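Read through the structures below before going on.
After this come two complexes, each holding chain A, first together with chain B and then together with chain C.
Then we have the complex of A and B:
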């Protein structure tokens, strides 16, 4: 059997794994980014308690390897009587991860908005909330888009960690198939191709956006 | 209808402004040293002087973009002492009386020209969208940019952007307009479009304070010329008289440098 016919045979099972990976990545982005936005605002809050809390969440989320957080959720929390299904634990860990990373990108985006925009807004007499939500945020988020797309790709690749707690995602599917026939080389090459099939076009789109932004900056 | 009739909707009364004993320091560095200026309603004041003299800072103190350390500002029946607590009512009154135009335009790049002008009207004056858009269109037409209404600022030249910025400020019915080197970021030729709009505004009787290096404009349009140097006003009066016969050596030196370019 050539590799290609083997791949064709494995593909249906791989696709279900890929589906799970995409689901986890999707959840971590859809839930993580809004949370990241909240954190990005909180880290510059005037209230010290809010600021400290946000900073702790962000720094742990960025500082600790995702796998550590994943294990804490899956193996650690049951000690306190909180048990999650493996896929839920994976989603929660990656949500934390994506919220932490995206919040830093959004914060940088917000800070990149020129001082002149703030001055014009105050000279016009706009209220702070209008200045923030209508003037600063749209511009800050715009410049954050390429970075956020980058984090999304990172999240998708990060779903492979869920293998470690037996979530039936792409890596787990590949491992299962491989352990039946010991065709590890072929199957992990196929897994790599599956990740690349998503990540590479996503990267191209990101680069396209980056260039577009640079042109319209 | 003239520009300022549109600008003030024939409602806003002509207003002057009195600034007394304005002082501003950054740490040990004095930027404004006891500066006083009284501007009569309907007059144009040109503020000139070497860079670092404090012209822009002074202008920015007028609408409290910079907070002076001491002094008083009297405008539209409000007396504001920026060195003390300024309540929101006084600040709002000040900002609604005084419009400002910046050297770098500071238009909102993510909004169309029209939205740039309409959005503050809706939020600050509570106008409906239709009302605001109608006013924006009137003003765009007056500054000659009706066809740019739906374009973002990025698609407009510098001169066009500055005219949109002027329209944006006028849309809030200010009785006083501050201009902070409005043509300094522009090609000389393009700057003329902006100066033309400002001349028309002045002719219509808008109270204006203009920081500028455009001597021709200062001579032709302003009623009062104010020369600042070293954090102080060193000379003020009739523009023609000061330019032809400056009393201060510092003014002479500055004028020679500017006029001989």
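Then we have the complex of A and C:
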């Protein structure tokens, strides 16, 4: 009982933190996915420089830990006189992350579209532009949906790293309450449940979509 | 290259964290994967809830929970133990899910054939299903290992002296332009470290494909 009453007291103080977490996750998804789409097209560009650039952005975004990219933006760049507020740095780092991960998923989606679709479009005399936007993309993006939902969940969880650069998100607000009362066990358990309350249903929805799509494949 | 040697000081700890957590995960995930594919609905749902709950909570929360929240008598986790246990538990959940997918991907006919041949359930599972499932999931396991390598960086937030922690302390001591170097180097190091894993996994995969279909 005591746990529940304590949780009831802590929960309102954590809500503003949860709001910040959701905001960062939202920004990283809304800005990251379109960027990911651009990158997914760029990595198969004919221009070598363009291709290399896109590949480097994707590989660094996926290969380096999100925490390192976060530190690079928040602690690294100011040494060159480029300083961000902590929340901006967190958004930029996670945008890079989500763009890199989503681009790979979109690329796989585009590649999964059967060659016959391309051949049929060209036989019908569709312009390349129309083939890409009206034939390939709708089918490719459809099969990318579960993967993109997975990245969205990953991004939401990744916002917890912003704690490390003192962004007032869920983890930070939990830590602040904890350092007043020293009830760390209850507080971090509650923070964990807040994350889980969003991630778990989101995962179930993703699995549901995956199963539906597998049925139609 | 002061920055490089500073970052490299954390390399052994990064590797220790990653491999210890990986070992915990590889072994601990076996019973959980069996639970996930159990025919008993109670066992299956409990395992499912555990896996989803562990994966639904960010790693940093697990680490803080273990480091600051757990106190049994005079026992408290030191940072390294908290990091290994935390990353290990998360690995168990992720790897169990990977194993389950592999077990499910083994063609039904294999189980039926084993049954028809009169093999016991234990032999069917460990002698027929598991070896084939392992071949199916080995690339996913390798991918998870590279993910775990990157996630070990989160241990720096509970003051474990691994690579990112060392980069941080070097950067703090060098407020000049030089201070950006460790972050770039550590990023490159993580990418470089995951290359051999990716390479080995590809070799292992093609090797095992031959073993299956030859």
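The criterion applied here is as follows: the second predicted complex is superposed on the first by the 216 of 217 C-alpha atoms of A that agree within 3 Å, B and C clash if a C-alpha of one lies under 4 Å from a C-alpha of the other, contacts with A are read in each partner's own complex, and residues count from 1 in each chain.
One rule holds in what follows: contacts are C-beta pairs under 8 Å (C-beta built on N, C-alpha and C of every residue); 3 or more make two chains touch, one makes a residue touch a chain.
Nothing here was measured: the structure is a model prediction, and the numbers come from that model.
Of the two partner chains, neither chain B nor chain C is touched by A:84.
Of the two partner chains placed by superposition, only chain B is touched by A:125; chain C is not. Contact with chain B, but none with chain C, is seen for A:135 once the two complexes are overlaid on the shared chain.
The larger set of touched chain A residues comes from C, when the choice is between chain B and chain C. Of the two partner chains placed by superposition, only chain C is touched by A:199; chain B is not. In the superposed model, A:117 makes contact with chain B only, not with chain C.
Look at A:209: by the touch rule set out above, it reaches neither chain B nor chain C.
Chain A has no residue lying at the interface with chain B in one structure and with chain C in the other. The part of chain A that touches chain C in the complex is made up of residues 59-60, 63-69, 71-72, 75-77, 79-80, 157-158, 160-161, 163-164, 171, 174-175, 178, 184-189, 191-193, 195-196, 198-200, 203-204.
By the touch rule above, chain A contacts chain B in their complex via residues 114, 116-117, 119-120, 122-127, 130, 134-135, 138-139, 142, 216.
In the complex of the two chains, the chain B residues touching chain A come out as 63, 65, 92, 95-96, 98-100, 102, 104, 106-110, 119-120, 123-124, 154, 168-169, 172.
On the chain C side of its complex with chain A, the touching residues are 52-53, 55-62, 64-65, 68-71, 150-151, 153-154, 156-157, 164, 167-168, 171, 175-180, 183-184, 186-188, 190-191, 194.
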